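Look at the two complexes coming up: chain A is in both, with chain B in one and chain C in the other.
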Partner chain A sequence: MRLLPFDYAVRNLGRSPSRLFLSVAGAAMVVLLILVAGGFVRGMSQALRATGGEHNVILMGAGSEESVERSEIPAATPGVLAASVQGIRTRAGVAYVSPEVHVMLPVTVGTGGMAKPRQVMLRGVSPAAALVHESVSLTEGRWPVAGGGADEVIVGRMAGTVLGVAESDVQVGRAITIDGRPWTIVGRFSAPGTVVEAEVWLPLADAMTATKRDTISCVVVTLDPYNEATGEGAEFADVAAFTKTRPDLELVPMTEREYYGKLASFFGPIKVVAWVTAGLIAVGGLFGGLNTMYAAFASRIRELGTLQAIGYRRLAIVWSMIQESTLATAAGGLIACAVGVFLLDGVAVRFSMGAFGLKIDEAVIGLGLLTGLALGVVGALPPAIRCLKPTIPVALKAV
Partner chain B sequence: MQTVKIKLMASMRAMTLAAVLLGGAAGVGVLTPQTAHAQVKSVADVKTMLKPELPAGALEITAAMKSAKVGETITVRGNVAMSKDAFVENRAMFTLVDESTRKGCCPPSEKLPDTACDIPAEGRATIQIVGANGKPLRAGLNGEHGLKPGAEVFVTGKVESANGADALVLTAVSMHVPKAPLPSGLFVEKQPENAKDVSEVRKSGALKVGDEIVLRGRVGGSKEPFVAGRAVLTLIGRGLKACNENPDDKCAKPWDYCCETKEDILANSVTVQVVDAKGQIVRTDLKGRRGLKELSEVVVVAKVASADGKGVVVNATAVHPVQ
Partner chain C sequence: MTTNNTHSRTLSPAPALIQCRRLTKTYKKGDNTITPLQELDLDVPAGDFLALMGPSGSGKTTLLNLIAGIDRPSGGNLIIGGTDIATLSRSKLADWRSTHVGYVFQLYNLVPVLTAYENVELPLLLHSMSARERHQKVSTALELVGIADRHDHYPRQLSGGQEQRVAIARAIVTDPTIIVGDEPTGDLDQESAQAIMNLMTRLCEDLGKTLIIVTHDAKSAAYAKRTLHLEKGRLVEAADLAARRESTVPQPV
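Up next, the complex of A and B:
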């Protein structure tokens, strides 16, 4: 089969610059939307997945497996656990056992209390939290000190996003109001790619006092990987066995990754809605593209008839039309990908667990480019078939 | 100008071709089915046959010996023979034995005997791992993937040869090698006498550390009454009804006794663990052994390990699943 020259498809694109612009811009918008949806889903999933430490086990109250915020366990649990389970990681004699209080409370920036409060995840921690949460590092200031009348907190890198204020409002030395009580920011921390970055951390004792509780939410413990040869270290099963031998503590163990994995599945419907919305708009964009391409091809019915008359087969003409359409949509897709990579990647999004950054990675870009190509192929076929339907004599007489 | 045009056209052609190829490759990647089971070509590939979960419903070798039919797939449990000939040299074959059939005592010497002669033929099975040609791999398995004399092994495989009396050869499809074996003779065929219900014992409150007791109860008390990878389970007494014993209850996990209060569950249960010589919980599963599952009725002979606070923990020395 003799194909039409590639130049024919390219030159046809230049016949109507305004139509070309519409095709490229339309495809770019659709692909951009796919990128946003993909970046949203990937960002949320990865942030939740990355939040759990590889060797971390979280122990919470039985029946509270869905949310650590609802969990209450005896404050003595960390000590009993550390004494009972062999193989917990230690450094300089300090066990990687972090008792924590997790609570969502209304927080405002400043001490005036005029601004509308936002729900922020607060984590009451001891210094051991810095051991078990390896992704967390203090980037500015110092660790908060408990008691003494000075209420101190440290805030994550994304705290500004969660609170809906500029980064300058949550710098070291500024104040925030938690549940009507002022606290001073004494440090800032980062935990790249995790939802922890959107949290506010405060000393465990202060958190227990502020929330009027004598229990903690959970214990996070880091295990040394079990060594078959030496018999040293521990596995998740050792912690699970501990919870069975201390039924009075009413504990449920879970690997931290499993816990955040379950949270990720809890947000599954939101991801589905994101994809469905993007899909529906993509379909709308496709119909727009179909209209544009139909208009482009319909005005050339006589020309298409001439091409058939001089010996080009219909399939060759359809192939050329697909080339023409795909070039326009692929260009739109590339533009959208550039916008996605340079402007959207990492943009903070607030959600109930805190905040995460849009993730425009290779997979999302690949999906965007494929969508652009698919728009070109699918958008060209129906109008091409319709315009090639008339017989050659009818096509040659077309106005 | 013409040259620039030609170059532009050529580059656009190349881009289109690349895009089509990329799309095609992505499509092919998605559509290509993954191989269900990797082909075992070497001893290293045997790792792909090892399953982390203990298979349920495994037969003891003596039981399998009587019931196995050539061609069927069965699961057997046994220990690699404690003898020098347990593994065939340069062939992926080994002898699995039923230790309960051992006639004599273990030899006092630390050296392995030449043959497992004190295990009768009806207590021995031969396990082989075959390659693509259907013949055993040409490499020994001794010391590979936890396989060693005495190691407990669960083998799921196709029966190659069986005479219903004293010959059984299996081609392994998958295996489970517990990280540690349970004490020999832990599971007993005869039900221990004078068993008391867990609820009754707990109510009496007379348990002291070191007491020898015989308990009867059902596996349950939480969503996960077994601990994966550890010989621990919780037993609950007849003082409480399992959720499925309540009319119209549609609880998906009736063994968690979610219809009872936490305090009542705690007051009617004991934790049963199996410990090794060092007092450590044995690193293996109990679930699936001898048909043990949630709500299984079990009689346990045990010694009280701790009875302080609200919970009671016992170290099992004999376990009899009630059929």
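Up next, the complex of A and C:
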């Protein structure tokens, strides 16, 4: 089948600049929303997934596997684990065993107490936390010290987002109020791509005092990968076997990956809502596009009849109309993707687990571009078919 | 048959280029049936220049569209160059049009986003040929209609007469078997109309093309070799025509 020149489709776009603007801007809006939804879902999933260290195992109280925050285990447990579990990583005589308190508490910036408090994930840690959480690194200041007169905390890179303030308000030396008590920020840390960046860390002892508890939430251990040749190291199954032999400890092991994976699935419905919202808006945009293209095609019915009279098949004409429409929506999609990559990527989003950055990666961009193309095709087909419905003699009579 | 006593039939013993046999077109509108064309018989020999006249709604456009293969008969046969085009599928008919028909419209129907040159080139893109050959054909056609100097102008930059010249170039560029025009001078001033009719005459006389035009204007019709009158979907007897022609039609200038 012989096609109409590509140039014809391109120049048809110029027939009505206002319509062209509508098509391009409409597609850009829809694609941008798809990028936001995709970046949101991927950012959240990846942050939760990345948070789990590859060889880390969380041990928590039996019956509270759903949430470490509800778990309580004796403060002596870490010592037992370090002494009894084979294959825990050791460097320079220090075992990778991190006793931790995980607690969600209302936090405000400053000491005035006027601001509306925000729920923030607090983690009481010992220096061993720096060992087991490899992705965490101090970017400013120093590690907090327990009982050093002033109460000290370090904050993650996303603390400002979580607390709803500018990052300058949570710099080293500033104060935050946790549950009515002032603390001084002595350091900041990063943990790229993980939800840990949204946390506030404080010394384990201070965390226990502040929460009036004598138990800890969990122990995070790092295993040395099992080496068949030397028989050293351990796998998750070994830890699981250990907890079975010591039912008196009432511990449940879970790989850190699995734990955050479960959290991620807990947020599944939010992702569905994000997709459905984006989808509905895309459908709205599609109807707008259908309208615009119909107006464009209906204004040249006589020309469509003429092209057929000359000998062009209707399929060739439909193809040209699809080219025309898709050129506009693809341009809009490209603009949206540029905006996505340069302006949206990494933008911090708060959610109940803390905060994460929108992730506009190749997959999300690919989805955005596909949406742009699909808008063009789906937006052109029904109006094209409708405008080619009249017989040629009828079309030739159109004004 | 009404066409038996026309001179074309007696002049050419070979079968006519266009043969309409009991050609009928009907439209159903609810219980009503409109019959724009009723069992019409017509032969048009190759090289003829035929003008169709008749009151508004008499079926002139319907007949022209059937012959041009852009409409399909409800009954009868329509044999053009040995092919019964009523039997062709929609897409085969489109292909047939691209080689056999050049259509000239009352309102020119040039594609506004294409230049004069590109408009004339459009039908050629349906045929395989080298770019060089295509260029040659377009240039020849533009020159023939005397509009070569305006080849890069867009339709909006041309006068009606110039637009119609481009449209004629577009109709002849593929060297079609027949050229049809539905009131091709209907929207032109008298001077431009004459120029267009002169051009049409040359297509017939110099290039040997077969032309059929519908016209309201007796002056335009006078350029044709013969004129047929339609009334209520039927051809009016030649005897009646002769009488009417004598009394009303001025001679071509």
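Quick notes on this one:
Note that in this section the second predicted complex is superposed on the first by the 398 of 399 C-alpha atoms of A that agree within 3 Å, B and C clash if a C-alpha of one lies under 4 Å from a C-alpha of the other, contacts with A are read in each partner's own complex, and residues count from 1 in each chain.
As a working rule, a contact is a pair of C-beta atoms (placed from the backbone, for glycine too) under 8 Å apart; a residue touches a chain by one contact, two chains touch by 3 or more.
Predicted model only: the values in this text are computed from it and were never measured.
Legend: residue contacts after superposition of the two complexes on their common chain; A:303 is shown touching chain C, with no touch to chain B. Of the two partner chains placed by the overlay, neither chain B nor chain C lies in contact with A:343. Applying the stated contact rule after C-alpha superposition, one finds that A:313 touches chain C and leaves chain B untouched.
Touch criterion not met for A:76: it reaches neither chain B nor chain C.
In the superposed model, A:235 makes contact with chain B only, not with chain C. Chain A residues in contact with chain B (one complex) as well as with chain C (other complex) are 7. Those residues of chain A lying in contact with chain B across their complex are 6-7, 10, 62, 228, 235-238, 240-241, 244-248, 250, 323, 326-327, 330, 366, 369-370, 373.
Contact residues on chain A toward chain C in their complex (touch as defined above): 2, 4-5, 7-8, 11-12, 14-15, 302-303, 306-314, 391-393, 396. Listed in rising order, the residues of chain B touching chain A in the complex are 9, 12-13, 15-16, 19-20, 22-23, 26, 179, 221-222, 224, 227-230, 232-234, 262, 266, 269, 271, 273, 281, 283, 306, 309-311, 313.
On chain C, the positions that touch chain A within their shared complex are 61-62, 65, 68, 70-71, 90-91, 94-95, 97-99, 101, 103, 105, 107, 109, 111-114, 118, 122-123, 125-127, 170.
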